[in-house]
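Okay, got some structures for you below.
Each of the next two complexes has chain A plus one more chain, namely chain B in the first and chain C in the second.
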Partner chain A sequence: MIQALAKTPAEEAFGISLPHRRMEEWRWTDLRRNLVKPYPPHQNVVAANKDVERLIASSPFAKLTTHRIVFLNGSLDQAHSNFAGLTFELGVPSSSAVDDPVIHLNSAIEPSGLTLRFDASMDVPVEIIHIATQGAARAMALRNRIEVGEGASATIIETFVGEGDYVVNAVTEIHVGAGARLDRVKVELESHDATHLSYIDCTLAKDAKLNELTLTSGSALNRQNGNYLFAGENANALIAGAYLLNGKQHADTRLVMDHKVPHCTSREMFKCVMDDNARGIFQGKVIVRKHAQKTDGKQSSHALLLSENAEFNAKPELEIYADDVVCGHGATAGDINHDHLFYLQSRGIPEAEAKSLLIGAFVGEAFDGIVNDVMREAMVAFAENWLTQRKAK
Partner chain B sequence: MLEITNLHVKLEDEPREILKGLSLTVKPGEVHAIMGPNGSGKSTLSYVLSGREGYEVTEGAVTFKGEDLLGMDANTRAAKGVFLAFQYPIEIPGVATMQFLKVALNSQRKARGEKELSIPDFMRFVKERAAKLNISQEMLKRPVNVGFSGGEKKRAEILQMAVLEPSLCVLDETDSGLDIDALKVVADGVNALRSPDRAMIVITHYQRLLDYIVPDFVHVLSAGKIVKSGGKDLALELEANGYAEFVEKVA
Partner chain C sequence: MADQDTIDLVKTIEVDKYKYGFETDIESDYAPKGLNEDIVRFISAKKNEPAWMLEWRLEAYRVWLEMAEPTWAKVHYPKIDFQDLYYYAAPKSMAAPKSLDEIDPKLLETYAKLGIPLKEQEILAGVRKQGEPSRLDDEGNEIIAGRVAIDAVFDSVSVVTTFKAELAKAGVIFCSISEALREHPELVKQYLGSVVPQNDNFYAGLNSAVFSDGSFVYVPPGVRCPMELSTYFRMNAKNTGQFERTLIIADKGAYVSYLEGCTAPTREESQLHAAVVELIAHEDAEIKYSTVQNWYPGDAEGKGGVYNFVTKRGDCRGARSKISWTQVETGSAITWKYPSVILRGESSRGEFYSIAISNGRQQVDSGTKMIHLGKNSSSRIISKGIAAGRSDNTYRGLVSAHRKATNARNFTQCDSLLIGDQCGAHTVPYIESKTSTAQFEHEATTSKISDDQMFYCMSRGLSQEEAVALIVNGFVRDVLQQLPMEFMAETQKLIGISLEGSVG
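Let's turn to the complex of A and B:
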């Protein structure tokens, strides 16, 4: 029985109700309670050019991308974008049919967006960056679609940066065509006062390959949902994730691998580092439908807790209706291994530096799958910088 | 160089003493072998010297080059010149061996107020030493000790020693898990590091290693104390008669 709850100011502003902890999938992330302020959509924020340029330059990939699509405070910023050589269509793509609170909220905020098509292979990365500049508390939404055509390949970077107190809701629809390949890196480096909500609705056709990493390190409150539909045989997905959280940051990822057809492979690998009072959550569900024989689905989530007050929750779920599959999950949580630490110190490496080395090695495993060397190095450098700042505290 | 005086040590969370009044003097250039049965305190001695947490010194003192060793962090001891070759070298996933060596050497140099080595100088420095120990470039790229065989791990320990150039080397059961060919490679590596200003403490259960690393002094450790000291012939005597004599004496 669902009891109608009085609308919160945020719900009034959005015009819809928000998910709360009595909903099983939202038990650790009570959006209704945590979004206390109203975040009215479509506020006019005047952004100074120097701020926009500074925030674009703050992306870990700023120096290595030439093709860039900039969304500024929820709207496309043509002036700072470079569409040269890209096939695209402006406007929000046909809305996803998935029933999900993040998508409902996205629709309520009235997103901006575009569809990017890769009919031929493109060997340089394309960055889609969203920038929130300092301004009134507000909500912004994006809804983009990425289509990689049959046999084509592409590399997409989705970057989120900003300053101030705001909500960003980003829905990305992805279609990886037959024999196509998509390498995707998302970096969530929002303001430490922001809320970031996202949904990935991904479909993989026959022989498609998806290789992705999501780095989560910015916002105060983060919830990232994803649904990956294995719609064609021999599709293969590696979904990696890294959390670098401190203070009171909260990040919750919930992914569903939906194996509808036989012979597909899914790998989920999350490496989560939590310091101070930070809390990380990983909820991974693997569904293997009745005819999806020979599915190979594995998920693992590993947490490194750097403080006694840091917390990690893992919720693996397997829902298997086929009888000839290999599926598994593993989750670990712990602090820095003291034998490792002593070994490094016994070679002359001071404790703080030894810890940084070990944390970097731990989270670095999530970056190993990034094919593009320069992009992988950018992620390693980001982690090193995060660790240097931690050490300086 | 090293002066251990009446050292008493117990585990932090257990009342039982492991070392019960151990004394030992090691001078530069000397190689001391410490032999003893299982449970006599050999590994504890190596950990106490290298600064591992979890041990409590209840009595006695250890000075190294005239300074109080026990008051220093493990990394400070290393920078001052203490090196422990582990009986079971630790695997560290995600940290490449070459990177590890670079950070370790430069941390020590920094602690001593020396300039860090440039990357090309460092690479040359490591490659020369690695070649002598049959350590391939491929091995140096792999994470520290991960997937190394027993012999490779021990050779990697000796490589670290050769790169870090400590003044006191403590070798804890370096022969364990090695076949005779691997033992020779490791022993050659150790012997190449013998020098008038470097001392070594070779901890071993068996005499075999001492055929290859010939000590100046041999000490028998039993029930937490040195119960007999002598020259290299003492090792042969132990090999022939076993430790029974010493175990009984204490009991």
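Let's turn to the complex of A and C:
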């Protein structure tokens, strides 16, 4: 019997009810229980310039690009942004009608955002960075739209950094046009006390190509939803992900690959590293609708548990209504392979270093798909840094 | 092009070829229609049950009233009116004491028609040919391997249990659960509901309140059950639900292999079947449970058929115990069934081998749960789903390791085969690991029978249907090999029959 639940302080503040573990898609992430205290939207937080600059510089891609759009505490920060050469439209894009708790919460917080258009190919990456500075507990929301026009190509980096206790809810709508290509990297490096919720609503047109990586390593509580609609034939998507989690971090990714038309290819590859009491979750679903013949959909999620108390949950789903398809998924969970470790140690590599090498190689596979060498190296360097800090503990 | 040809061909062939659909014309005793506490008392009284059992049933009934029907499975059916069913039906002639000679010949005829031998000298076809010399063991007794003891259940009552005397010699108790309640109440009381409690789920609650019969097996310590045990379930009466309860206990170091078969007549209205099976394996014990489920699947348009809502669970209680489920699911309009193993004992092992075939308008939502609680416990899941016609076939499974289940190990493979473009195959696995030392591997694939495979077979002179049967039998081979000899040949044939009219 589902009874009407009494509203929590957080729900009072948001004015809507939050998802809880009785809802199938939220079985491992009980937002209602974990977001108890109120995070009122639209708090005026005064940010010192030096803090903003320091946080912008903390992005692994800080030195990589000058095309930067900065959102500071939930609002566009024109002063630190550089729009040179970009086609954009300020204001929240007309919202998609997806029925999802993250999107409902996003609307309740009243997001700010813009629409970014790429009608011609652009070689330099564009970074959209959200910064949360130290201040009162609060909720912030973004809603952006990225459109890559027919035959165009673009590289987008979405970075989330911050300090203190807050909630960020980011919705990104993406449309990759016919024959277009989008390379996208998202790095979630929020404060260790923060909650990060996101939703990607992506549509791929005929012959479109999407290549993305999401790195999750910052927030205390993370939930990322993604819905990828294959609307045109021969579209192709590679969705990679990496978790580097420790302490009591919790990260939950739910992806839906919705194959509506024939001849599309989707690949998901998640590499999840959990240390201490961290908890990682991967929920992937590949839907192949009735006429989507010749679909090639593969999904893999691999977890490396580095401590006794780390935890991994997975739900890799297939829902298939067409017969001439090649679909599959693989999921593994375990600790470091002791034979591998022994091999390295027998070659004179100390244990801690050998472990770092193996973890680095494990997670590094997720970065292999990044085409831009400098960006890939930045990700590898980030992982190495994470491992050095782990060793130092 | 070839794809289109086969799809067209499918449309021209009749799907509905259920060969066990006959009805036995026999007078039955019914409980009044509907369900209330009086019906629960009625069933309990009919069975001459002890007072504690009635209390247990009533408790279950009260819990059930509070429960909601599960809706999470990927199956759709009109709402069941639980007041519009008969909860007890027994052939009138069964009132007399039972021995094979006194059984209504109509019943014997039914089982003969189904190919189930109720006379002890008979053996299942294909096991030992007539005239083959019997083998003797060290003490000069005939080795009875190859013979199968059968408990035949007709609607709500057990008709007969064969080879009882011979089993008793080995100390094995094999009887109907009603009889066990009378003869061995202490064993039943100790184990009943200890794996599937009354409040486990909606259908288990219903079953606990109204179950009418089923089998009971107890294998004492150190005994290897001398023959295969088997239960054959037959639903006959109209508008009647069948609620059987099976309880199998293998004491320390014991071994038992158990087979279950089921059929039902062809009827326009749907029938409900909600069974509960509990297995308990103590230290070093092993239970092998095999099912060939062939309830009436409904006609090509999805009219009629059995709703098969079953709770099956094994408990590996002792160290090094082992429970293995093997199921061949070809029948039922709707299947909702997840045979599970709780791996409580250290180094215990759970296995699940499944072939689920759906055709016509059948809907299957089946899988398993492997719950690792003990150290070094291991499990293996091999699931083969075949969807044809306009059916939906879902694998739903859970593999979980508790924090203390260090070095737990699981390997899961679920493969789906689609025949035709009107069916669906789905995989919904849950993997939960709470210890870093657990090693979990999960693999799933979905594919179709390739045109090359078909062409190869047909160029060797096989008809289209023979070719499909051959390829499908190859696809499910890993599971077939787990079946006892008695079932293997039959199952291979059954696969061919189930897929008739679905060539792809």
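Brief remarks on what is shown
Heads up, the rule we're going with is that the second predicted complex is superposed on the first by the 391 of 393 C-alpha atoms of A that agree within 3 Å, B and C clash if a C-alpha of one lies under 4 Å from a C-alpha of the other, contacts with A are read in each partner's own complex, and residues count from 1 in each chain.
Criterion: a contact is a pair of C-beta atoms (placed from the backbone, for glycine too) under 8 Å apart; a residue touches a chain by one contact, two chains touch by 3 or more.
Here the structure is a predicted model, which is why all the values come from computation and not from measurement.
Once the two complexes are overlaid on the shared chain, A:F312 sits against chain C while remaining clear of chain B.
Between chain B and chain C, it is C that contacts the larger number of residues in chain A. In the superposition on chain A, A:E24 contacts chain C only, with no contact to chain B.
Residue contacts after overlaying the shared chain place A:L357 against chain B, while chain C stays out of touching range. Of the two partner chains placed by the overlay, only chain B lies in contact with A:F342; chain C stays clear of it. Of the two partner chains placed by the overlay, only chain B lies in contact with A:E365; chain C stays clear of it. No residue of chain A is contacted both by chain B in one complex and by chain C in the other. The touching residues of chain B, counted against chain A in their complex, run 50-53, 73-75, 77-79, 83-84, 86, 89-90, 92-95, 100, 103-105, 107-108, 111, 143-144, 160, 164.
Only residues 3, 68, 72, 403, 416, 418-421, 423-448, 504 of chain C touch chain A when the two sit together in their complex. Of all residues in chain A, only 1, 24, 290, 293, 303, 305-335 touch chain C in the complex they form. Of all residues in chain A, those touching chain B in their complex are 338-340, 342-351, 353-354, 357-358, 360-362, 364-365.
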